[in-house]
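Letters A, B, C, D, E and F mark the chains in the order given here, with residues in each chain numbered from 1 onward.
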Amino acid sequence: MAEESDFLARGRAVTARLWGARAGGQELPAQRLAPEFFSLVTQFVFGGFWSRPQLDLRSRSLCTVAQLAALGKTEELRGHLYGALNIGIPREELIEVLMQTACYAGVPAAVNALNAAADVLKA
Amino acid sequence: MAEESDFLARGRAVTARLWGARAGGQELPAQRLAPEFFSLVTQFVFGGFWSRPQLDLRSRSLCTVAQLAALGKTEELRGHLYGALNIGIPREELIEVLMQTACYAGVPAAVNALNAAADVLKA
Amino acid sequence: MAEESDFLARGRAVTARLWGARAGGQELPAQRLAPEFFSLVTQFVFGGFWSRPQLDLRSRSLCTVAQLAALGKTEELRGHLYGALNIGIPREELIEVLMQTACYAGVPAAVNALNAAADVLKA
Amino acid sequence: MAEESDFLARGRAVTARLWGARAGGQELPAQRLAPEFFSLVTQFVFGGFWSRPQLDLRSRSLCTVAQLAALGKTEELRGHLYGALNIGIPREELIEVLMQTACYAGVPAAVNALNAAADVLKA
Amino acid sequence: MAEESDFLARGRAVTARLWGARAGGQELPAQRLAPEFFSLVTQFVFGGFWSRPQLDLRSRSLCTVAQLAALGKTEELRGHLYGALNIGIPREELIEVLMQTACYAGVPAAVNALNAAADVLKA
Amino acid sequence: MAEESDFLARGRAVTARLWGARAGGQELPAQRLAPEFFSLVTQFVFGGFWSRPQLDLRSRSLCTVAQLAALGKTEELRGHLYGALNIGIPREELIEVLMQTACYAGVPAAVNALNAAADVLKA
């Protein structure tokens, strides 16, 4: 069984691919309030799930963008759209994922996602 | 501008790839109650969105599975898991998408999705 | 300021219009577990909101059906569809409300609502 | 079977009744990012669902306001409140729909909706 | 059976404990639009539920904070965090409730809650 | 930094308090489909969050019950109601938490939660 430090190391390897130097550069109010929370997230989300070899990074990124759009989590959506662009997913494909959200979460969810994405994805 | 019959033809081409002969074979109570609704869905969802060339069918299928799991729509999830298997997405990748749902929609959403998927995805 | 018993009396007047003798006849597990809860609901939901004169009963019923469909609360939806039929809303209009749910809450929400409604609304 | 251009024509007839000259006048970031999305929405939402004769425009407008309030889609709610006023629904009735949202989606959903509606509906 | 004025008196006793003089001091746009709504909320939410003796105020406050975080109702969350501090719940415990939200409603819900809480809960 | 096995050991200590011998005894379809998922959940949810000393077990249990009721996750709610009873929370307090859910997530969410809880919490 792997050590906790393995979770952290694997998680940081994933976030570095998604956001590079920006991974540690953002400073949310939540990070000052609860810094341990973000350490746990890196270990669990990126070290525990995203780093598993059963699914490629591109698919994980697309599915995350799709879920955040459907759930209306627009701030996180913007972060993951940057990550998706960084690993080479074309902006046209990301727009298409957001558009298709209308079918499963309703038109307003898609409109909100496209509005939130507009400056990240503009040509 | 394309004709409405184009929407329907394009939509049926997509559902045939996803579900083959099964596409028209299911008989939900809703279909007897509101048959026109399902004609509109074929035209709009599959003919209007899924048939656009900007994103491949595999990516659309994965994103749909991810959204249905996050939104807790387990009946539709099962239908789209069958479709995903039919177009060649390995069951291991689909399980992984459902697992990762825990990160963005919470652990109970992932457990519910895995429970709903169990007989569709069993080895 | 009205007395609490006014809330209860007004609430019962509304539920009698919606469900008649059936209003007190249903026996949910929750009613045995928490009978006081249902007394509060009659006072607050039907006595506090539905009995206000600013909006007619038909509009309140349609809006409730629409919200329950959008929120995926299918058991309550069935109860309010019975109520809507009892106050004279035609089944064709109720089906239409459920269909339109696809636009704002997504296609799966509409399909689930139509499935739940099928035996209540069948011709 | 109707042509696609029929969907568009019927959809535009509905949006003209709801928003008149304003229908094409708004300029969301999403519209610059994904103009084809909004053409599909006009065809499908307004041309495919709203233009069906089985339910009157007033009922469709009230149900849409109710669903957007319940789902917390405040930007779209404001747009549809303008539309509801334009087709003659009194502001007192719209406030009542938003208030009743507390019963089915919780008090915070109703408060958020009333806050979002305040300048649109002020006397 | 108690009178309606009892609901109001009991409700005001609860809000006074949670927010003291601030209880009546906030002025939301919704309050100008629908003042009767807030009177009903005081009677029903605080007079009808919170004032029941079966559960202590601390537990009710924690559960409310937990639910508002899970549901993404950040404005109401901030109000109830102030109330929780006023009745003596330590800020460390409130941060912990928000962190644990990640398990049941997903990481983005927890991040949004922590961001909304940051200035209320800062040391 | 702690080892991963510490997460697992701490997580198992929490689940043993909540469910005792039952903790490993349930057999969901999801557990056969994705056994690794449940190992990750034990490590992350119970070892990473619940085992932190900043909040007592009773408060964590109440908040979890409150969130699951608000989110409509009835299967998980039942499991956590068993856990809550096992650590000594009186059934009257749990019923009260479920009732209060009506205020923040709407009456149907509370009714569904009370229905799901009825046999677990019956006197």
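Observations on the model:
Note that in this section contacts are C-beta pairs under 8 Å (C-beta built on N, C-alpha and C of every residue); 3 or more make two chains touch, one makes a residue touch a chain.
As the structure is a prediction and not an experimental result, all values here were calculated from the model.
Looking at the partners of chain B and chain C together, the chains they share are A, D, E, F. Fewest steps needed to get from chain E to chain F, stepping only to touching chains, is 1. Of all chains, the one whose CA centroid is most distant from that of chain D is F. Shared numbers divided by all numbers used gives the overlap of an interface; between chain C and chain F this overlap falls below half, so the copies present different residues. By residue number, more than half of the contact pairs of B-C reappear in one of the listed pairs E-F, B-F or B-E, namely B-F. Centre-to-centre, using mean CA coordinates, chain A is 31 Å away from chain D. The distance from the centre of chain A to the centre of chain F, with each centre set as the mean of the Cα atoms, comes to 27 Å.
Rounded to whole angstrom units, the spacing between the C-alpha centres of chain A and chain B is 22.
Chain F has its Cα centroid 39 Å from the Cα centroid of chain D. The residues of chain C that reach two or more other chains are 40, 44-45, 49, 68, 71-73, 76, 95, 99, 102-109, listed in rising order.
Chain contact topology: the protein chains form a complete graph, every chain touching every other one.
Residues 44-45, 49-50, 52, 54-55, 59-60, 62-71, 73, 76, 92-93, 95-97, 99-105 of chain F touch chain E in their complex.
Chain contact summary for the complex, chain F toward chain B: residues 28-30, 32-34, 36-37, 40-41, 45, 68, 71-73, 75-76. The touching residues of chain E, when paired with chain B in their complex, are 102-109.
The touching residues of chain B, counted against chain F in their complex, run 72, 95, 98-99, 102, 106-112, 114-115, 117-119, 121-122.
Taken in their complex, chain C has these residues touching chain E: 1-8, 40, 43-44, 48-49.
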